[in-house]
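Before any comments, here is the structure.
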Amino acid sequence: MKTVGIIGASGYSGEILVELLAGHPKAKLAVVASRTHAGKRVDSILSRLSGLTGDLEFTKANPKALAKEEVDIWFLALPHGVAAEYALPLVEAGRLVIDLSADFRLNSDETYTTYYGQKHPVAEWLQKVPYVLPEFTQPGWKKADLIACPGCYPTSILLPLLPLVREKLLTGEGIIVNALSGVSGAGKKESVFYSFCERTDSVLAYGLGQHRHLSEIEEQLGMAARQAVQVQFTPHLVPMMRGIASTIVAPFEGAVDEIYASWEKAYGKKQGIRLLPSGTAPDTRDVLGRNRADFSGYVDSRTGNLIITSAIDNLMKGASGQAVQIMNLRMGWPEFAGLV
Amino acid sequence: MKTVGIIGASGYSGEILVELLAGHPKAKLAVVASRTHAGKRVDSILSRLSGLTGDLEFTKANPKALAKEEVDIWFLALPHGVAAEYALPLVEAGRLVIDLSADFRLNSDETYTTYYGQKHPVAEWLQKVPYVLPEFTQPGWKKADLIACPGCYPTSILLPLLPLVREKLLTGEGIIVNALSGVSGAGKKESVFYSFCERTDSVLAYGLGQHRHLSEIEEQLGMAARQAVQVQFTPHLVPMMRGIASTIVAPFEGAVDEIYASWEKAYGKKQGIRLLPSGTAPDTRDVLGRNRADFSGYVDSRTGNLIITSAIDNLMKGASGQAVQIMNLRMGWPEFAGLV
Amino acid sequence: MKTVGIIGASGYSGEILVELLAGHPKAKLAVVASRTHAGKRVDSILSRLSGLTGDLEFTKANPKALAKEEVDIWFLALPHGVAAEYALPLVEAGRLVIDLSADFRLNSDETYTTYYGQKHPVAEWLQKVPYVLPEFTQPGWKKADLIACPGCYPTSILLPLLPLVREKLLTGEGIIVNALSGVSGAGKKESVFYSFCERTDSVLAYGLGQHRHLSEIEEQLGMAARQAVQVQFTPHLVPMMRGIASTIVAPFEGAVDEIYASWEKAYGKKQGIRLLPSGTAPDTRDVLGRNRADFSGYVDSRTGNLIITSAIDNLMKGASGQAVQIMNLRMGWPEFAGLV
Amino acid sequence: MKTVGIIGASGYSGEILVELLAGHPKAKLAVVASRTHAGKRVDSILSRLSGLTGDLEFTKANPKALAKEEVDIWFLALPHGVAAEYALPLVEAGRLVIDLSADFRLNSDETYTTYYGQKHPVAEWLQKVPYVLPEFTQPGWKKADLIACPGCYPTSILLPLLPLVREKLLTGEGIIVNALSGVSGAGKKESVFYSFCERTDSVLAYGLGQHRHLSEIEEQLGMAARQAVQVQFTPHLVPMMRGIASTIVAPFEGAVDEIYASWEKAYGKKQGIRLLPSGTAPDTRDVLGRNRADFSGYVDSRTGNLIITSAIDNLMKGASGQAVQIMNLRMGWPEFAGLV
């Protein structure tokens, strides 16, 4: 039994993380720190979790004080820019830190500056911290003390694409991604734009050509392909709370069997991946609450394109579920302990 | 004042058509025929329209009998395959027929057979019946007695694309369209798949590579481009009732100003089109109940692509509103009489 | 043709008011004043209305300056407490003022203080300003220069109840009302509570025993009954944008025909009221966009209760539609000019 | 470890039951029988559960054959009228049967006939089968071999009311209940009425005065009160998938503390009950996926009424979660084994 802590639990992925860790068979949730709710009972804010967190109260989110807590594993569910501040003192204190923010996802300092509009506070760390997609990343990461969890859109896009670009089934050119996200992807927001009345009956694209997750998608694809890869990525908001559906189009002249063979080889019987038959498309409803990516491929011989459709729950496989999966593997526990 | 009639008013676009025609300043809604509701009051079935249709009852949907009704203009809101049966007797009886179905949208008999899986019953008519996007189609159609209204997805996609392929700003190669439709696009359905519980919290792609509207999109683009155009079209269902958002990606090396100049030239001050500034994307909420297509273009110089985002209300500009607009123009009435 | 103006058009009922007045056959929308958007084009904020408001820009919301505008009729879509400030200078300048706020709905200064938590700024006006439910209120109000429009919940509740308490079919005792409102009833809000993620999949009661609309409901019922009437009113939020459904239970030993006879007598062929058969219940979907209240009555002989179910569109019959209906009647125009 | 089976798993509560039992620490899900899907893999139909049910296939739903299966505990998630057919052979074969249908909920044959419109097939069983609300029912039921699980509406209504009528805090007169249910309450339906387009943006009452669950509510209240109790029950459909919110009004002249004292005494620290502070109302969102009823009481001293607001997840505490809780208690396992 290890003790675990969460910093920044008042958002949607924080809530799911509390829920998963409170029910985890190998971990005991000992500390939940919050920058805004210190002193309140956790279940007074995360009301749905009542009964799961006992008398646990939010602790102050002071990096130095938290480094002294008897917590073996920390999860950071903080905004980018903030997470780095917390991560380093905890790592220095010998803790394992699993970061759900974007702060350590990129290798390139320059890319970080371009996409996040600020210098990285500890750029020298960027290359050291592994970015872990547990089904794909080579096992070397399992010794790291600070681990970057992928973003939600990237998880849905990289899982199907990485094996294909690694094996050169796709050249890496002409990849067009349209992704549709439920509103929780934007976090818990005080704003008219994210209000019920504005988002219901509404679909729209946003972040044309410059969504931050693009940096992460291209960097990972480039590393797998061993050459630069460019992606045209257009995210959209759709009127549901949870779920991401990504539709990927890329030139491909081969047979769809080659695609499936590559996926089978990469993922075999992995519990976090479900391959659907060619010609069908996954439904976000089918992955709700599951730590799983569903995807399928279809070759349109008329146009010479491969069409991949992919679905995840952005709060599970796209965030908190995957973070717990990473912890499980890092600790040598069953991969899906505490997960479904 | 002309008398108008509708055949097939029990679906969603039929309902909107009844609503628009019941309030039209130049047309009097005299007959509403239904294959299932004959003898019932119209507002007993279309309950929201109570008070708008007076005592009007559904008439039997008998093509020959309807041809004898004193109705100047008929709208067909019928499934494909069925509409053709009704259209010809009415045209032969000297009526103007505006068909919302897919029966006369294509020019090519062969394409019809491929996409609709059956021989066209009156293939010789296909080339004679104009397909009318009122903002784009050359005015020659205004003498036709049988007019095909575009489909909902095609309207959202063709309006922005047609001027660009006509002027060769786009070569017609590499066009990738992802479109997201509200559930009413599928019609009024008795099925578990279209039930509330299955469609809420759900997004999924469907019809991979072979949606019927693709035939119409490619044929129209090909005619405007004066060469064959291939489109990779992937439709998606999203959890809202009304609205279509289309995101179009195509290779383009020029400046976005050229795109806007082409649109300005083609559409000028047309009331049915709203150009949004480059970098923004239209919201389906903003076109709800409006007979208008909103769209914008963005050139991603990094990738060499043009990204067009477009939104319509599938039941208005994508169906019934556009049908009324076509009637207005055909009759020489103000283009937006009875429309907003 | 009269000129009309709106003060406070950035909320949801303001938007519908702009839409209705921009399309009104007898009124010309000349001024739209806003406390936050002065200087911007109306359709840059109310984007769905693009094309309907031409070049019209928001004017500054300065009461004195507005009183000098050449506007015949003003609509106030302002928060309570604010509306009174604007109303008096406009009335003094000889304008007709139709107030959608709660500022002049009550007769009793004391009740206002209790429910609104502040002294009324011009309490001496309270008794002079008529509260107008156009289907029920005696025609004396048609000379007033300042008119109070009913609230949304009260409209759905009072229309069915007023004739029954006036005629003593109901004693006025034991009236229990549960009402369910779409989220737009709360206005356009910057808050986590009203965010999409919090309000979807959520139903909850609120304002137990003390919702402000209760004061208005009880005062009007008391006046019709000529004795004090107490109501147990519990409002609920439900996950939709528009619509209110109210379910009213009251002891009643008679036959349901007496109830319908009373309604027929009070409302006859009124276009704003639709009586549904006993045993059925209205659906908020059927009144969307309509300036109409649908209701029905059912006598449960087993329990000795009358159950009334009622539905309106809170933004139409519950706010802006009814305000336009009031203008129409006050000006001697057709009651439903510009309305459906 | 006991083996468990489910008959009738293709609906929404069946799906949740499969999910809960597949992850249960003390029970092994051995058989899932279906009247329509025999021979198919369970996760080909319940796609969200992929990975949880291994290779398990639906078995034929033949009562006699199922009685021979080596299954210790059966759950029936069948329509009323059908469940009885299956229950008896299984009980006779010495199995424990937990029935989620309405077939054994009532004591009175006559009431069954009135509300269900048919003679009960084995009326002599009605009095023998315990109706179990695990937090309230006296422990005598723990020896039964056939147990009736309460309906969803009744669970939300009875849990707060039963202690109060038992202790005569409420007289049992004048109880008015309005309840709002998500659409899954109606099951998986092939019908236009339950389609997404019809149920979104829609709220309506139904089953005025005669909903079947009323029989169960009144019978249980009557037994607790030791006198007949009449309830005015009006259910409503609201546009969400899961969740029930009930608002109960009853005459009460005492202090709210007496109500809370009664609840504390009856429920103490029960994990399936959460008492909220007086003046607040539970949100269905807070019980999503939880086997818990949240409720609170408010005394309106002005009107002399107690207002109880209550929320459950209709598929969890209102159906499958409660059924698993019943199994746990019946088997002497931890009450919340496999539940949250």
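Order of writing sets the labels: A, B, C and D. Residues in every chain begin at 1.
The definition used in the following text is that a contact is a pair of C-beta atoms (placed from the backbone, for glycine too) under 8 Å apart; a residue touches a chain by one contact, two chains touch by 3 or more.
Predicted model, so just to flag it, every value in this text is computed and none were measured.
Contact tally for A-C versus A-D: the pair with more C-beta pairs in contact is A-C.
With each centre defined as the average position of its C-alpha atoms, the distance from chain A to chain D rounds to 37 Å. Each chain gets a centre from the mean of its Cα atoms; for chain A and chain C, those two points are 47 Å apart.
For chain B, the set of residues touching two or more other chains reads 198, 200-201, 239-241, 283, 285, 288.
Taken as a graph of touching chains, this assembly is fully connected, with contact between every pair of chains. Across the complex, chain B is touched by residues 12, 183-184, 188-192, 194-201, 239-241 of chain D.
Contacts from chain A toward chain B in the complex involve residues 174, 176, 178, 180, 182, 198, 200-206, 208-209, 230-232, 234, 236, 238-243, 245, 247, 249, 279, 281-285, 288, 298, 300, 302-303, 305, 307, 309, 311. Residue ranges of chain A in contact with chain D, taken from their complex: 19, 23, 47-48, 50-52, 271, 274, 283, 285-290, 292, 294, 340.
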